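A single structure is presented below for examination.
Just so it is clear, A, B, C, D, E and F label the chains in written order, and each chain counts residues from 1 on its own.
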Amino acid sequence: MLHIINKSPLANNALDSCLRVAQSGEILLIEDAVYAATAGNAFEGKIRKALERFRIHVLQPDLEARGLADRVIEGVSPVDYGGFVDLTTTNKTCQSWL
Amino acid sequence: MSNIKKFMFVNRKAPYGTIYALEALEVVLITAAFDQDVSLVFLDDGVYQLKKGQQTKGIETKNFSPAYRALEGYDIEKLYVEKESLEARGISEEDLLVDVTVLGRAEMGALMDQQDVVLSF
Amino acid sequence: MKFGIVVNEGPYQHQASDTAYLFCKAAIAKGHEVWRVFFYHDGVNNASRLTEPPQDDRNIVNRWSKLAEEHGVDLVVCVAAALRRGIKEENLAQGFRISGLGQLVEAGIKTDRLVVFGD
Amino acid sequence: MKFGIVVNEGPYQHQASDTAYLFCKAAIAKGHEVWRVFFYHDGVNNASRLTEPPQDDRNIVNRWSKLAEEHGVDLVVCVAAALRRGIKEENLAQGFRISGLGQLVEAGIKTDRLVVFGD
Amino acid sequence: MLHIINKSPLANNALDSCLRVAQSGEILLIEDAVYAATAGNAFEGKIRKALERFRIHVLQPDLEARGLADRVIEGVSPVDYGGFVDLTTTNKTCQSWL
Amino acid sequence: MSNIKKFMFVNRKAPYGTIYALEALEVVLITAAFDQDVSLVFLDDGVYQLKKGQQTKGIETKNFSPAYRALEGYDIEKLYVEKESLEARGISEEDLLVDVTVLGRAEMGALMDQQDVVLSF
């Protein structure tokens, strides 16, 4: 399953909830959730740990908009909108943690 | 019907502060009419939707919580609540309006993985 | 593949409608079909033909109308949600139609993937 | 005292408009003046005369109109925010007027207290 | 100063931010923030600690709507809309932590 | 003017995910024209509004971050950023578009207490 998160991890519990409940699969960070993919963010440790269980992707255009494309945590893969589409096709279902 | 899918509705938001809980319920009721396999999940603040004793007169808004009791009449009987979400809020099963199945977080995650369509509110 | 899309927030206030639109364009560019976009909750406000963003900003409503025209995407606005928020035939933008929640369920049944954008 | 109120979210989706309204009623009941309510961001959607909630639900837009009529509350909708979201003279409910952001600043200057309701 | 909070403390960081930045004054919990005023919530410890620095109020009609009027943490004062108005008049300014 | 009030605009939300940052900026610019005492505060994810290097072409949305640089021309010079918010996000003063005053949380709280009108976004 593809888990889509769109909230900053320091403002909202969506990513925390996803990591608590989902056991494995893929995660895509979009919109304000891209901050979770950046090194130096207080959430970085949780992302590094989550990388042991999940493949984690981040929407590159949203990172660029926020001026943080050069700070992606190692192991998190940037994708464009086409890559986003591909992730929804290679996974049987997707869930947006709104 | 040959075309039965597993629909899961994930409720993560508290009632009244926003409309998501109410409008989610409206979708659930419609889905029942399509003879699909319907599950409702309550996580995080979504568990508050099922709290007994809601009295909305003071906020001049309709109390929609009785509708959860009506779900059974629409053959919607799969209601799941996450144990960890209840505990973090000091809410027990006895506090809830309806009978539910309480699942631990890993069981809940496994149940999500079995779905065909997940709508989250 | 055949996609169904759900948009739960109005234009400009949240990024949801922008992301949904760019997702649809990318899906179509890859040869997929976007069968239906269902507008629910404040998402119904994407269908107002009265919106008039500043000249230097994107026109979210017109973009959706154009997508419907050029690629036959079915843009459906939930009638119950729309009535609550003042979206009716008289202010409905081109390419949108107002219908019931059953259209959302149908999108879940008939498409290969349903992707939700919201807040 | 003289109050200014700011409402940043539309009707129904968030509780902000409900709380703001009940606050205004309580303030008036206590003998205070609600000088102006300024609708900003999605708050401008509170001014749509086309909203039609279910019969058993409160009518948020009409409640505001009535408050304006009965207590002389000045209901101001931000023009820039309103254009983005499709609120114009043609769908404006009774008692509301469209004006600039300066009216919000003026409310901050001329009232004793400015209270903000949003998301 | 009166600090107005309207978000659940387990979903959003608004109350946490307020408690981090504001040093004293009064806090009013409204809308989904009323959950913070209830005993048994994971945030209870932080509220008890905050009571040493702040006077904390909770909007009773919002508690009743959510079926939790019988669980208010000791030391937190319920107010109605009239009480809300009074709090905005007795404090020189108010800030909504949206 | 005899009627000068201290206006504080508290920015706590990230840009682009929602419109609050952009529409807050529009209020700030108008307020300048009223000759009030204006302060801008950036807390929590609001500090991201000031991040250098925003490139919004990919999301087809206008990059409004240059407007923060224009504030000085409107005589809006009091920009405060909370130290703890920067640290939690790994953002340094050098990462920011404009010169700001960095305050610790307690100093920030004290500054808030001195205001006449606080608008929070």
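Definition applied: a contact is a pair of C-beta atoms (placed from the backbone, for glycine too) under 8 Å apart; a residue touches a chain by one contact, two chains touch by 3 or more.
Bear in mind that the values here come from a model prediction, so they are computed numbers and not experimental data.
Common neighbours of chain C and chain F (chains touching each): A, D.
Seen from the Cα centre of chain C, the chain whose own Cα centre is farthest off is E.
Between chain B and chain F the CA-based rotation angle works out to 180°, given as a multiple of 5. For the touching copies chain C and chain D, the fraction of interface residue numbers used by both exceeds half; the interface is of the same-residue type. Note: centroid distance chain C to chain D, computed from Cα atoms, is 28 Å. The geometric centre of chain A is 26 Å away from that of chain B, both derived from CA atoms.
Here the CA centre of chain A is 32 Å from the CA centre of chain E. Within chain F, residues 16-20, 44, 59, 61, 116-117, 120-121 each touch two or more of the remaining chains. Across the assembly, chain D contributes 8, 12-13, 15, 19, 22, 41, 57, 80, 114, 116, 118-119 as residues in contact with two or more other chains.
Touching of two or more other chains is recorded for residues 6, 10-11, 13, 31-32, 61, 80, 93-94, 96, 98 of chain E. Taken pair by pair, the chains that touch are A-B, A-C, A-E, A-F, B-C, B-D, B-E, C-D, C-F, D-E, D-F, E-F.
The touching residues of chain A, when paired with chain E in their complex, are 10-13. Listing the residues of chain A that touch chain B in their complex gives 1, 13-14, 17, 20-23, 25, 92-98.
Chain D meets chain B in the complex at residues 12-15, 18-19, 22, 56-58, 119.
Chain D makes touch with chain C in their complex at residues 10-13, 41-42, 45, 48-54, 57, 61, 80, 83-88, 90-91.
Note for the complex: chain F touches chain A at residues 13-18, 44-45, 48, 51-59, 61, 63, 65, 88-91.
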